[in-house]
Amino acid sequence: MNPVNYLYLAALLFTIGATGVLIRRNAIVVFMCVELMLNACNLAFVTFSRMHGNLDGQVIAFFTMVVAAAEVVVGLAIIVSLFRSRHSASVDDASLMKL
Amino acid sequence: MSASAVHSLWTTAADPISKIEAPKIEYAQLSPTLIVIGAAIVGILVEAFVPRKSRYYVQMFVSVVALAAAFAAVVGLATRGYGTTKAGIAAMGAIAVDGPALFLQGTILLAGLVGLFTFAERRLDPEAHGNRVDSFAAQAASVPGSDSEKAAVRAGFTTTEVFPLLLFAISGMLVFPSANDLLTLFVALEVFSLPLYLLCALARRKRLLSQEAAVKYFLLGAFASAFTLFGIALLYGYAGSVSYGTIAQVVDGTVKNVDPALADTMGNDVLLLIGAAMIVMGLLFKVGAVPFHMWTPDVYQGAPTPVTGFMAAATKVAAFGALLRLLYVVLPGLRWDWRPVMMGVAVVTMLGGAVVAITQTDIKRLLAYSSIAHAGFILAGVIAMTPDGVSSVLFYLGAYSFVTIGAFAVVTLVRDAGGEATHLSKWAGLGRRSPLVAAVFAVFLLAFAGIPLTSGFAGKFAVFKAAAEGGAGALVVVGVISSAIAAFFYIRVIVLMFFSEPRPDGPTVAVPSPLTMTAIGVGVAVTLVLGVAPQYFLDLANQAGVFVR
Amino acid sequence: MDNLIALLVAAPLLGAAVLLCGGRRLDAVGHWIGTALAASSFVIGVVLFADMLGKNAEHRTLTQFLYSWIPVGGFQADVAFQLDQLSMTFVLLITGVGSLIHVYSIGYMEHDERRRRFFGYLNLFLAAMLLLVLADNYLLLYVGWEGVGLASYLLIGFWQHKPSAATAAKKAFLVNRVGDMGLSIAIMLMFTTFGTFTFGPVFEAAGGASEGKLTAIALMLLLAACGKSAQVPLQSWLGDAMEGPTPVSALIHAATMVTAGVYLIVRSADIFNAAPDAQLVVTVVGAVTLLFGAIVGCAKDDIKKALAGSTMSQIGYMILAAGLGPIGYVFAIMHLVTHGFFKAGLFLGAGSVMHGMNDEVDMRKYGGLRTYMPITFVTFGLGYLAIIGFPGLSGFFSKDKIIEAAFAKGGTEGWILGGVALLGAAITAFYMTRVMLMTFFGEKRWQPDENGHEPHPHESPKVMTIPMIVLAFGSVFAGGFFSIGDRFLNWLEPVTGHSHGNPPVSALTVTLSTMVVLVIGVAAAYAQYGRRPVPVVAPRGSLLTRAARRDLLQDDFNHVVLVRGGEHLTRSLVYVDHTLVDGVVNGTAASMGGLSGRLRKLQNGYARSYAVSMFGGAAILIAATLLMRAV
Amino acid sequence: MSFPLLTATAALPALGAIATAAVPAARRTAAKWLALVVSLATLALAAIVLVRFDPGGDRYQLTESHAWIKAFGVRYELGVDGIAVALIALTAVLIPFVILAGWHDADPLETGNTRWRPTQGFFALILAVEAMVIISFEATDVFLFYIFFEAMLIPMYFLIGGFGDRAHEHGEETASTQRSYAAVKFLLYNLVGGLIMLAAVIGLYVVAGNFSLTEIAAARANGSLHMATNTERWLFLGFFFAFAVKAPLWPLHTWLPNAMGEATTPVAVLITAVVDKVGTFAMLRFCLQLFPEASKWATPVILVLALISIIYGALLAVGQRDIKRLVAYASISHFGFIILGIFAMTSQGQSGATLYMVNHGISTAALMLVAGFLISRRGSRLIADYGGVQKVAPVLAGTFLIGGLATLSLPGLAPFVSEFLVLVGTFARYPVVGIIATFGIVLAALYTLVLYQRTMTGPVKTEVARMPDLRVRELVVVTPLIVLLIFLGVYPKPLTDIVNPAVKQTMSDVHEKDPKPAVEAAK
């Protein structure tokens, strides 16, 4: 099967993730959507790696996972602390600073 | 995709993976980064093992030594000619050690050092239960206003973790402008972003704002880096490699031994264009260019002011460094595509930043928008696409970062019962109460406004000149207009400080420790020196103006 | 000898400097210093005159070069003097009459605590006036020209606490400025035409220039003359100028300054001769003013204003004569000199009368003063006879000559001008007789003023009467002395040139007809003011009378058109400046602020909307990049 | 190399400024005297410059040249021609009087606050302005000039906004708001002008490759540096705009009345008599030398604008109710004359314009400072609040009148010489323009005399009845100015001798010759 389709899938996932970021209110979900985007990237890397027949893409995929993990650590820490002080994880509630 | 390619894939995969030689690492060339990272790790160990009372001093010592040593290393490399003649690629092509890299690393390290001083300031807030406190939360984990926090304050806790975090961020920033492949770029990006996200959340006063800033910064930052990553993926797909050199060759079409797969993707410029655009977008987000700027005012306002100052200065330096390398090393063959687009971005950034700043009422937000406008000015230099362009941008970044740190350091001094008095109306008549502080701040504002005899003017002149010579005269005109608009709100602040009557409930100006004084002093000194006698630094930037490829 | 010329100017200038900077400590002696310096200037003048008489006509012109004033490229202005017969005449008149009036002022200003400053101003005037007549180029003349204007401004407004005086002074200066504009434009024209504005070269080259240019220059000079000599249409200031102390009116606004216009025209004879059209205009201006002044003079009840009207009219005669060209130049100057004597005398007389009448100026409140102040009566009377041209007195000769010359112009112009001149003579006789009768004859009409002071008319002190007597002598004999053997003609002819023209009627006829109109005028006046008693309150009078009382509505015209219009213009301009010119800028700033306010709304605090903007930005970025490739 | 005289002349006041600012708060009087002494010393240096300058010598003399910012092709190049010398002398002469006149203007209202040192600041700023003005007269490097042309704004801005008339008819609160409005307006107008010029300066560098006035001018002259017509015009406009704002030329003038109205009179004098001269000076030195063709191309429009300034300024002066604003609009009218003279492109016009800068400086200083003394006595700037002053304070009135007469350029006083030269110079090439401009002298008489009549003559107003006459300090300020006015009016030759050669040079830069008279008169 033509690997290009995986690219289309990756693009689709990426878009879904992005859309999620734009429309979902809950910080956690938004964050999940970002993760989804990252994984879409991974898929793209792997696919290209296969197309080009070199391993760089796959290596990068591993790096990405690590980075994503790190992001999870930091992100969750922040979101949780926000949630504890506001009792709400809605990104829209966090809008004291504007204009 | 042709079957032969697929077949070849299988066969290569089947080969026994035996001949992987150990990577060869030029530790000397990488020493600045390594020193900082090492110090950061030491910092973590300190957190783990050193008793709480003495952590602050140990951390201070470690960080200062590390940054100083790293800077010394940079200077050493530069003097040995790694900036010019011996410039080259290190760490298996991952890191470039050349003029721009060293210049920017030096700038970042100095900015980091000065920023560190503002981090370590412990005289401004009134003592809590007999303990000197800095501008960071007593215990980040505890809910603001909760008993646990009170307990933490009473116990005299302080978040000394900020020092390792700062060092991690700096290490990431050191790598960012010298990254020579897209993977390193991405990793560095995250390495310096994540600590900053955390630092933003750690304000002692106004924690809610601080946390909100952190969340916004984090989510949007992650969003942006996702775009970057996807861009990287596409570019990898296009060129079959993430190394700058190879990509550049592919873009120019000068690549040797084109295998069929590559030939296939090479033809497909859409991958290239979209990929490049997405990566650039990620970098523009970091420099805070319109329309990717919207996080800037909120984060600048919410974050602890020392962090804001450091972030505003160092992030810009690092991000512009990376942007320069990307555009000058990887995508020069594409300049006819991206130049007009970037011009557009520069124009809206300059005008947008200047215009919106006019009606700001919070000093930190004001400076945020001003930094956006300045990003626009620097972009004008980036677009020049000439060696002069590079050196002018380098000079501008150097000049700008110290003014910024100094300005935010002054902001930390003006306080009232609720901590820093950042609302502009509170600054009325400051010039009467404490002329010196007001005068210093006025100097910074004038530098931002680009009045002659300040570093701001020299930098602005440099980038505009480069842009004009690069054939972007229109940008110069827009730049001039937006500087005129920008002048308006800088002057407004000066009017407020000097010509309006002080308010009875006005803020007091805290007398800082030598730390902040040094930060401000360095800021003033650099501002004036670069304004009156910029020659030496311009030469430096000129020599450092060539990228290795 | 030449080097004395500068002294002529220097003496009074020194006086002015000393008196004005000297401060109060000089109050006691100030007037003596002033008079002494004026007199010394007169002495120098006499010395030079004697020296000049010693030479023959060709070598009488003295010149003195002091220093190069404004040298820029081709523009060379020097401070240099030229003393020829014409200037000499003026020097003697100015310094002579000037000294007399200094003396007179000692008495007249005795009770004014600012007498020192008054003498300072008088000296300043003398200096400027002498500079005017001695300059050897038009730019230096211009300095004197404006200098006398300044002096007259200061002296008219000498009693500054009176708003009317201050206004009059300002008016005089402004109207003169309009004239000065003419002079400066004339100088510029000369510079562009001849490359110089020094008398000699200009007059030599005058022939070479196009008539158009010369006419332009001449007309501009005429404009200047109109301003200084109160000729229509710039005459309006002279009447108000009577606000100044009477000696000032006598010296500046009768004898000397106001005649500067005549000097200017006669001095520029060569230019005017080459521009006949301009000359015609000059004569017309002269003729019109001649009648204008006379008519105004008939209606005024203020003795000084009546005399002012007369001055205007007499200068009209001179301008008319000057406009006639070589036929008239000499007589213009001659009449100028005799007029200097008798008009100064008349003014001093009027001053003496006011002195005795608590500064009352309304002739309707005089009457029968001849018994109270005999000397004043006699001197004033002689001046009166002189001005109306009573046979044998100065006015008779000089005015007669002008009327003859007017006819001699020939053609219809000649007839018209001559007729006007005659008519003027008649009216002069009328209004002067009126003044005479209302002041010195009939029964006394003065009453106590509001605070009960009954004026006690009395003769003035010697210091005032002596100058009047001297001037009276002048008014009686000067004319005869000048005319017998054409002394004056021969004296001036080398400078101004002279031609007899072609008189259509014999001189005798002219003289007789003047006699006739003279008698008519006097008779008419006697019929109205001598036979019946003069009402203390002025009757409403005919339309013409009322118009004449208001200077023939000329002031009202000025007020409505210039003053009101000007006020409206300036007020609207102030508005424009504030709303339009400034408004544009402030508007830009405001709109910028508005834009900023609107853009700032985008920063709504919602992270998701920020994300949207980023997403959109990315989309645009990508689209744009692709587009760039597409095009 | 020889002693850097020009640098010293500029550096002395700069150092003086720093020293004055450093004087402790308590020693207010010491600061004043220090400033005064420094300004006098500067005057002495300027006098030396004047003596050392040889009118017959090279175009630029006492030159200094050092490398400064190689990267920008910028050199530290100083040199003076006759025009610059005259204006430096003017500046050096006026500053001591400005300082003396402002002796008490900056005494702090609230004592006790030991940090706040307005007096020191005031005089330090004045000296700083002097330094920057002098060096921008001396600079022969476009960039160097630009730097100080712009930097000058900052001290001026603080002078305008930070110090106001003691008493104010609307009370201190509104006064300070009006002041800061005026200051901001001043700064923004000039900053915008300067930034537009910045674009032009950069453009010039791109075209010419360096900033040296002499080199570029020479290159233009010998044709080795060719500019496309449009480039030259755009660059010219960029430069001219900045100078026209500074000058100020209609319709960019509205900042001046506000600034002069709100600032203390010494500062107002500083603005109009000294700082604004940099604008007109720069037109003469930079616009004409660097862009001769474009200058000629723009001449018609500029002449019209200058005419409008002359008439418009005068008419508005007539319409003012505020003494200082009146003088401001009068100055606008006078700047119209100066610009007219510069762009008439005749030696008379340009020499006249240069003399005009000097004379206008002195005459406005005289008039404005006396007006300041008057205002400080009564505490009001409104003409209507005065009347009959002449009776109670004759000396004040007398000096005021002389100042006024100078303003209406009465012959015998300095301004007449320059004004007539400008008129003649203009008339020689553009007769109609010259004639229209001549109407200005009538209007000048109008507003001056109206001002004098309303304030000084008439019955004595009760508020002014107690008004004291000029004090010694004030006499010391006014008398020398009046003496200068008379001297330069009677014997301007020393000045013209210095200026003429420089003007001849400028004329040759723009390839213009004086028009020949129609008839060559027999000399």
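Note that the chains take the letters A, B, C and D in the order they are written out, and that residue 1 is the start of every chain.
We take it that a contact is a pair of C-beta atoms (placed from the backbone, for glycine too) under 8 Å apart; a residue touches a chain by one contact, two chains touch by 3 or more.
Since this is a predicted model, take the numbers as computed values, not measurements.
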Requested in this report: Give the chain pair, either A-C or B-C, that is connected by more C-beta contacts.
Outcome: B-C
**Report entry** Most remote chain, CA-based centroid, reference being subunit C
**Finding:** A
Report summary line: In whole angstrom, the CA-centroid distance of subunit B from subunit C equals 81
Report task. Determine the centre-to-centre distance between subunit A and subunit C, using the mean Cα coordinates as centres, and give it in whole Å. Result -> 97
**Report entry** Separation of mean Cα positions, subunit D and subunit C [Å, integer]
**Finding:** 37
Report task. Could you grab the centroid distance between subunit A and subunit B? Build each centroid from C-alpha atoms only and quote it in angstrom. Result -> 24
Requested in this report: Return the residues of subunit C touching two or more other chains; collapse runs of consecutive numbers into ranges.
Outcome: 589, 600, 603, 605, 607, 611
Query raised in the report: Going by the touch rule set out above, which residues of subunit D reach two or more other chains?
Result: 188
Report summary line: For subunit B, residue numbers touching 2 or more other chains are 215-216, 219, 223, 227, 297-298, 488
Query raised in the report: What chain pairs are in touch here?
Result: A-B, A-C, B-C, B-D, C-D
Report task. Write out the stretch or stretches of subunit A touching subunit C in their complex. Result -> 18, 21-23, 25, 30, 91-92, 94-99
Query - Residues of subunit D touching subunit C in the complex - result: 188-189, 250-251, 253-254, 312, 315-316, 318-320, 346-348, 351-352, 388, 390-391, 398, 405, 410-412, 416-417, 420-421, 423-424, 427-428, 431, 434-435, 438-439, 441-442, 445-446, 449-450, 453, 456-460, 491-493, 496-497, 500, 503-504, 514-523
**Report entry** Touching residues (chain side subunit C, partner subunit B) in the complex
**Finding:** 589, 592-593, 595-597, 599-600, 602-603, 605, 607, 609-611, 613-614, 616-618, 620-622, 624-626, 628-629
Query raised in the report: Along subunit B, where are the residues that touch subunit C in the complex?
Result: 215-216, 219-220, 223-224, 227, 269-270, 273-274, 276-278, 280-281, 285, 290-292, 294-295, 297-298, 336-338, 340-341, 344-345, 352, 355-360, 485, 488
Query raised in the report: Can you list the subunit C residues touching subunit D in their complex?
Result: 20, 67-75, 139, 142-143, 145-147, 150, 153, 157, 160-161, 163, 165-167, 169-170, 173-174, 177-178, 180-181, 184-185, 187-189, 191-196, 201-202, 204-205, 208-210, 213, 566, 569-571, 573-574, 577, 581-582, 585, 589
